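Note that the chains are named A, B and C in the order they appear, and that numbering of residues resets to 1 at the start of each chain.
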């Protein structure tokens, strides 16, 4: 039994890990970009930009990730947009967590003291330079811990790609399960441990990045 | 006399409806600027506040201030807290927009510009150009905590003036040397004392070579024993003579030593002004007398 | 269309049942976890920390399917999808809520603990009469947030055949050969129609609480919120 588990099942499960990680990385990349786009748009001088961004973010946050995934993968083809599994999952995950991330970006930027902006104006930085060189670098360390948590949520969200049959670690496990039902508990325990290990790795990376960013300043 | 033609033009159209949304025209002088400058029969002022009003919601902090500052002049603004003196500096630095009235810097409107014969609210481009003439040192230093001391000073020359890095660093070190902090170049602001931070902030503003410098209560946030080093630096800059300075301050002795003219503001109005020798020895208005009296009592008690 | 909307409404009703059932479980279990986590005995507190972390950082859908397949075998009798759904969703979010409780408990000033000792309260009295009444009100809006988060997580439970809205939409599509646009859009709309007003309500509650208690207390609440590990927003 133990041999079967470690020699057959675990390798099969692990074969799904690269897809899970890939989905997480692409999803994170898209989510990070959208976090900044939405977050900055919600702080825009122009009411129309602010309003549009806020409505979009509320729309995305008000519906579930899994509903969005179904919509993108199963409904969108009827509108003529047919996406393969991985892009569909990446878009659903990136857009959904990007909306949540925009709140992190927004509140971190708002938390930078107003005086920093004023000092930058007094030195005649233009509005892009103020954001890019003065405000965002100071907001970044504040964003990291909540971004770390959000990325763990995102990692957990990748398991939903199972519903569209993307071969990530959960899907791979489920497709093997019927042959090894007597090993149900060890299989699921192993699966959870894989996710736990990946989560801890993500959190570790963020903690490392936090220390790097904080170095020297304080 | 260097009176630009365009100034006459702008001055002659100020009674036109104002497009910026404010009620500017009501408080504007109908006379062309050139005329008033000519009347004075002197050089053109570097900074000119004209009937400046500023309200925050219901509260009107400036109730019509007129003030000319000549090139190279050192003007100290004193007055009780809440009198509006800091607001005056913030309006000049474009951190706040006047509710009505105009500010001119070096012969040009700061918050307004002419567009198709009308005076409209200045756009970002105009403000950007005007800000290059103005610098400011803040009460709370406002150094950039994520940059070393050297980068605090070089960042603006590199980004804003597009100066080459080594050129900016050479200039920055020169300025840091002037304020006695060249050896702290690689430290971060959090590792400096308040007085040191403020001296860096001064170097950071100086390196941009502004024509007008605003010092906004630069010693108010400092421990008493650190005030001296900062004031010494400012005195040294003032002694150079060329820079126009607006010194908003609580330090009466400093105002007396450095300023050519002292402005006393109370309740949003200029109550009294004159050379420091007279203001501090023979105050005319009752407000100033009681203000100075209270100040002396405080000093004696300390 | 005539069948779709009633089906979705039935799904919504099941979703609401699952949400509140799981929320009640998460509140109770989360409190127990939070208190055990504070135990002085390292043998209790350290495993608790890791247990909470483990539940929180692994996917709900995996936990749910695991319980769906393993629990009936373990206890030797069938369980309904709603029961397992409530158990798994409740367990998952008990880990989050324990962090919420923790931040609330840590926000109670030390003097209050000392006073409870000085007055010779029993441990149960100390928690029920002194600590919790002060710890919980400030974190109520955060708990409200989690109620909404959980509501939006319910469709994940279609993996264990819980007949919530998304599964209802799927069945409708399968039986009528309709395309997914209208059914899935309606599901999204239903979620939005419930969760957006609720989140406005929570924000209102938060503002009112901050105002009521004065700024100093409000600050304390805000500080506490910033200490909640892994907090999720709605």
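The criterion applied here is as follows: contacts are C-beta pairs under 8 Å (C-beta built on N, C-alpha and C of every residue); 3 or more make two chains touch, one makes a residue touch a chain.
Small disclaimer: the values here were computed from a predicted structure and weren't measured.
Chains that count as touching both chain A and chain C, per the definition above, do not exist in this structure. Comparing each chain's Cα centroid with the centroid of every protein Cα atom identifies chain A as the most central. A separation of 21 Å divides the Cα centre of chain A from that of chain C.
Averaging C-alpha coordinates per chain places the centre of chain B 55 Å away from that of chain C.
Centroids built from CA atoms put chain B at 47 Å from chain A. Shared contact sites, meaning residues of chain B that touch two or more other chains, are absent. On chain B, the positions that touch chain A within their shared complex are 93-95, 124, 128, 131-132, 134-136, 138, 140, 142-146, 155-156, 159-160, 188, 190, 204-205, 208.
On the chain A side of its complex with chain C, the touching residues are 58-59, 61-64, 66-68, 70-71, 74-75, 78-79, 100, 103, 146, 149, 152-153, 156-160, 162-163, 170, 174, 177, 184-185, 188, 191-192, 195-196, 199-200, 203. In the complex of the two chains, the chain A residues touching chain B come out as 113, 115-116, 118-119, 121-127, 129, 133-134, 137-138, 216-218. By the touch rule above, chain C contacts chain A in their complex via residues 53-54, 56-63, 65-66, 69-70, 73, 152-153, 155-156, 158-159, 166, 169, 173, 179-181, 183-185, 187-188, 191-192, 195-196, 199, 229-234.
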